[in-house]
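One chain, chain A, appears in both complexes that follow, with chain B as partner in the first and chain C in the second.
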Partner chain A sequence: MITQEAPAPTAGAAAGRGRPGPRKARRRAWDEVPRWQIFLPLSIYLLFTLIPFYWILLFALRPSGSTSLIPWPMTGEHFEKVWTERSFAVYFQNSVVTGVASLLMTTLVALVGGYALARFDFRGKRPFMLGLLCSQFVPGALLLVPLFQIFAKLQLINSLTSVVIAETVFQLPLSMILIAGFIRNVPYSLEEAAWVDGCTRFRAFCTIVLPLLRPGLIAVGSFAFVHAWNHFLFALMFLSQQDKQTIPVGLNTLMSADSVDLGALAAGGIIAAVPVVIVFGFIQKWLITGFSSGAVKG
Partner chain B sequence: MAPAAAVAKPPPKRRRALYPRRLPYLLIAPAGLLMLGFIAYPVISVFYYSLQHYNPTKPWRNGFAGFENFTHAFTQDPMFWDTLQFSVKWVVVEVGLQLLFGLALALIVNQTFIGRGISRAMVFSPWAVSGVLTSVIWVLLYNSQTGITRYLADMGIGSYGTSWLSDTGTVFSAAIIADLWRGVPFFAILILADLQSVSKDLYEAAEVDGASRFRQFIHITLPHLKNAIVLSTLLRAVWEFNNVDLLYTLTGGGPAGATTTLPLYVANTSVDAHNFGYASALTTVAFVILLFFSILYLRLSKFGSDDK
Partner chain C sequence: MFTSQSRSRRHRRTASAVSLTAVLALTVAACGDDGSSASGGGEEGSGKGEITFWDNNGGVRTDVWRVIINDFQKENPGIKVKYVGIPAESVQSKYDTAIQGGGLPDVGGVGGAMLAGIAAQGALEPLDKRISGSSLDGKLNPVMSKSVKSSGGGEHMYTVPTSANNGTLWYRTDLFKKAGLDAPTTWPKFYDAAGKLTDKGDNKFGYTIRGGEGSIAQALDAMYGQSGITSFWNGDKATVNDPKNVAALEKYVGLYKKTTPSADVNNDFKKMVAQWDSGQIGMLSHNLGSYQDHVKALGGPEKFRGIPNPTLADGTRVQVSNPIDGLGLFKASKKKKAAWKFIEFAASHKANSRWNESAGAIPANVDAAKDGWIKKSESTDLAAQALSDGKIKIVELPYYLPDWNTISKADNEPNFQKVLLGKMTAKDFLDTLAEQLNEAQAEWKEQKK
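So, the complex of A and B:
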């Protein structure tokens, strides 16, 4: 690249020699992309992105039977109905438990394993890494039946544990690769310095490395949470009792009813979206630093 | 603990404590065991059952089948070819359009303009929306009585009466648009991240050379993005092939099987028809296709070979 760059100034000077002043001025002005070339496509795309969001809000907030395009007069009837009658209160609780448990389990297991990948060379590390990468190609949807059989043997069908395990397992490979990358970015010498000062490896890790990993761990943890919160198929398959189901399954039940209650469906959808919006709003700052520091170099 | 005491300890013992040979295995054990038990073992059992007749509702037929399941799929099951063909069509159209729009979007929000931060946040937001919620939103939009299609029909686009999701002529485009809505941000985010690492000097040099904006894009931006594009399209293609959340909830594979992908067909075969041996054979075929496609794609695109 550098060799190609070198002759550039002379070539530019030669090209500019014929018409020195005006051309340069025009170039500077041209440097900026015309505003309409930004705002026109952007507005069109924003319409495409935002109208669906507006639509679901509209259905959730306007009274049943209304055809108004503005959610006014506003009503909370759909939320009340879906929360109590359609037992979204129960689904919500189950989803929170599944999401938080998957978050903790994924982060903890990936942290421990990622540390080994980042800090040790050991026999079998390469095959292990290869296994992690290959598992990315294994579709969870196609393993439903063998997984069902395993959980049936372990007597975990209709227990949230089965969903937590399944979500964790499919989140693990990527989380571990990411966390190993974050740990590699923390100089080993920091840890070694702490050992010289008398810390055990565990204490050195907790006091020196862990605080530096915070942005990365928040990114990985929130992805595990959102993934488990959003994912549908495992919960659908492994949890058949209604009081064990999660929000996506509840939404599917509402959608596949013979006559769909659109207001309740929209309200349920918004209930499903709220935690995700909160998580992403809260972690946005961490997300950018987390991924730019670890994922790229890892 | 006083630092002096630690330093006074004999170094060999400390080294052994800090570099224990078993520690890394202990650390990867939880992850390794989970993945062996819940990914490797199920995969192996799928391979095993693909060679068996296995159907809990017809136990008298169970037993070793050899390659019968496979020959049945390739020679006697039109659904296999139909769903495979639909899967390929689905993946190619989705990934192609998502890449195209994602690239354009990333180039736009990479410019400096007023309101860039909020525009980025809004444009990227569907990325966090789940497949099921996407279905909920688009079911509302496509509803023939109260959906947006009714207002479009008022303006002369489309017709009243039928939902786009229940007509075999429109269901493909309808599902494609719904999945695009949440898929484009994935590419936009990844490409934007990579765009920010292009050296400004290159553009300045090209500018001085008198290269047009379009040629700068072709000769500087695209080569820089190549690895990111190859990797993200591959990951996305595999993901789009495997993912069933959206189509399962939006169309259920219908109407009349018009939107059934291979994984959806496999799920129906194993879950509804209980024909687990045959479903396993189909799964194995899907694995092999994905693996073959991934290797071929990485080879053809010479992934990672042009690192300078």
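So, the complex of A and C:
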């Protein structure tokens, strides 16, 4: 442990004992700055960030034709319109299916692949890792036609499965790299100890490693969910059936070539944003821990 | 003797070989021709069954299409129409992907601006014979039919025209009345009103200019409208950089920041219309399609009017052509007979009238164009009159050039923003535009040989 290896205090150090440590110095500097100098710029920045959100709420909640800057009288007409007339109930359901399925598939495959990358040495591992990184530079649009043809051959066009597969494939490289980083952080000796106690590799992984990967799994899973939830291109291209489309495509249909229903668009935007906000609200602690540990040690 | 290690290695090799073969087979299969390519493989069919229809302006027009489809299905019980609304902004890429990868619909809405590109890829069926042998013969507006033919390359009708839009100057009647101004029916009145309605200190502006996406067509409309030049081409050279056009554009661009908000440099139609609908701006140039948005936002039709673009001082009105919307029959369709029945129905008097009334556009069906609702919708009526009174001069934009969309959008919209910001002169902008157009025209002529 670091404390055991730390050198004994020297005379010089003893002489400087009266000086505050870096943490104390930071604390004092913080105390010396007037609060308003910290909170005023932050509040202005926050206000600047929140104004667009307020604008969306305003358009979604005020009646058509109103130019009021306060959403009063409040109306739910736009929400009702997009949910029922514009089929957002169906789009929402499809987006949930796509998002959850992409989350599960990405996490599962990334976990297996990440374990292999972290724990095994095999020929071509470095080029493979390089390939994974390089695949991030290929935009999805470039692969649309070949993907479309493959899905057509597999009879998966107009099926949410095609979108889930495409999303998973595009999410996997980054997710695998991240998960591999998390697994490397779990000492190998823990697994070895479990094997000595009679566990199989799989059981040791499930009982010892997996619980320690929780922040990483949450980070990767939420990333996959949010990406699939917001992604427009694959859903637009692979789903040519009204009852199969997802929220991002539905949102785009609220803007025609020469007319746009701003109230409906704002209401649709809120419907699209709420699940993501809720998910992030619940997992933000894990997300930050997860991304930082995976990214730094990966 | 095989060790367990060597057996395991052999298994891994076998598994790798099988996986590799599967991937290669799938890739080869994906690259092969399945016989349903965009330019062939279609059949007439029995005239019954399910057909797919892609609406190129999905969402906002979904309701009216559902009514039309229901009526059609009642009249043709053997045919079911599967409606798919495609977002207007993405319809070009959706068609392009389907042309390359398969999966085109039987019938699709195809706007004039994208017709050249789709027709050039051989995806659309020429419809001349079907039209002449159908109830639509003689019922389609000849100007729109000519425009559709021209947009498709000049030889065939690749779509049945359904509607036309028109450049419209929307102005706030209440603000004009308050300021004691005449309706902006001529360019001098337009500039006068733009100046007088502006009070920057009070955040009031006379006009809103389109500086973002879609700016080129609007700038061209204002430019030709003022210069009075009536042809886009002088031989094989574009007239866009004619000195009269340069002067007209300089004057128009001069409005920016003087009588318009400075944020206009990024205005696409959504921002521009939303800004005008917020109630602080006197005039807006857009097309007929935003009528319903204005009604909703301004609380009714009493506070505004939509008139065709201003005329020159002598009463001459020059404007650029608007793309004609139409319905195309795709070559790859296996049910062309049923698909054609649907197109014929959708372009018939009743359905075409219903659709255009909902969109506030000008019907392509000549009988529909005589219906009572047009008289009640002043902006549509004025646009229809302007297009049919014989006094208007239409400058036909080269929608037939496959490069038109690229030239008029990605290649030159950033340059127009530079002109607004004073970083490029109007002359340099128009010279560049003319050069690109001349090249595209020469290339197109070469390809046609």
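Keep in mind that, in the parts below, the second predicted complex is superposed on the first by the 249 of 298 C-alpha atoms of A that agree within 3 Å, B and C clash if a C-alpha of one lies under 4 Å from a C-alpha of the other, contacts with A are read in each partner's own complex, and residues count from 1 in each chain.
The rule we apply is simple: a residue touches a chain if its C-beta (ideal position, glycine included) is under 8 Å from a C-beta of that chain, and two chains touch if they have at least 3 such contacts.
Here the structure is a predicted model, which is why all the values come from computation and not from measurement.
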Chain C versus chain B on the shared chain A, clash or fit after superposition: clash
Partner chain(s) touched by A:49 [first = chain B, second = chain C, both, neither]: first
First (chain B), second (chain C), both or neither touched by A:186: neither
Partner chain(s) touched by A:272 [first = chain B, second = chain C, both, neither]: first
Contacts of A:217 with chain B and chain C, given as first, second, both or neither: neither
Which superposed partner A:143 touches (first chain B, second chain C, both, neither): first
Greater residue coverage of chain A in the superposed arrangement, chain B or chain C: B
First, second, both or neither for A:160, with chain B first and chain C second: neither
Touching partner for A:103 - first (chain B), second (chain C), both, neither: neither
Partner chain(s) touched by A:67 [first = chain B, second = chain C, both, neither]: both
First (chain B), second (chain C), both or neither touched by A:253: second
Candidates 167-175, 239-247 or 275-283 of chain C: the single one with C-alpha clashes against chain B: 275-283
Intersection of the chain A residues that touch chain B with those that touch chain C: 67, 144-146, 149-150, 237, 252, 254-256, 260, 262
Partner chain C, residues of chain A touching it in the complex: 64-65, 67, 85-86, 144-146, 148-150, 152-153, 157, 236-237, 240-242, 249-250, 252-263
Parts of chain C lying in touch with chain A, wherever the complex brings them together: 26-27, 29-31, 34, 52, 54, 56-63, 82-90, 93-94, 97-98, 100-103, 105, 111, 165, 269-270, 273-274, 278-279, 286-290, 292-293, 296-300
Contact footprint of chain A on chain B as seen in their complex: 1-3, 5-7, 14, 17-18, 21, 23-25, 27-28, 30-32, 34-35, 37-43, 45-46, 49, 101, 104-105, 108-109, 111, 113, 119, 121-123, 125-126, 128-133, 135-141, 143, 146-148, 181, 193, 201-202, 205-210, 213, 235, 238, 241-245, 248-249, 252, 263, 266-267, 270-271, 276, 279-280, 283, 286-287, 290-291, 294, 308
Residues of chain A that touch chain B when the two form their complex: 1, 5, 8-9, 11-12, 15-16, 27, 31, 33, 35, 38-39, 41-42, 45-46, 48-53, 55-56, 59, 67, 109-110, 112-113, 115-117, 119-120, 122, 125, 128, 131-132, 135-147, 149-150, 165-166, 168-170, 172-173, 176, 195-198, 200-201, 226, 229-233, 237, 248, 251-252, 254-256, 260, 262, 265-266, 268-269, 272-273, 276-277, 280, 284, 291-292, 296
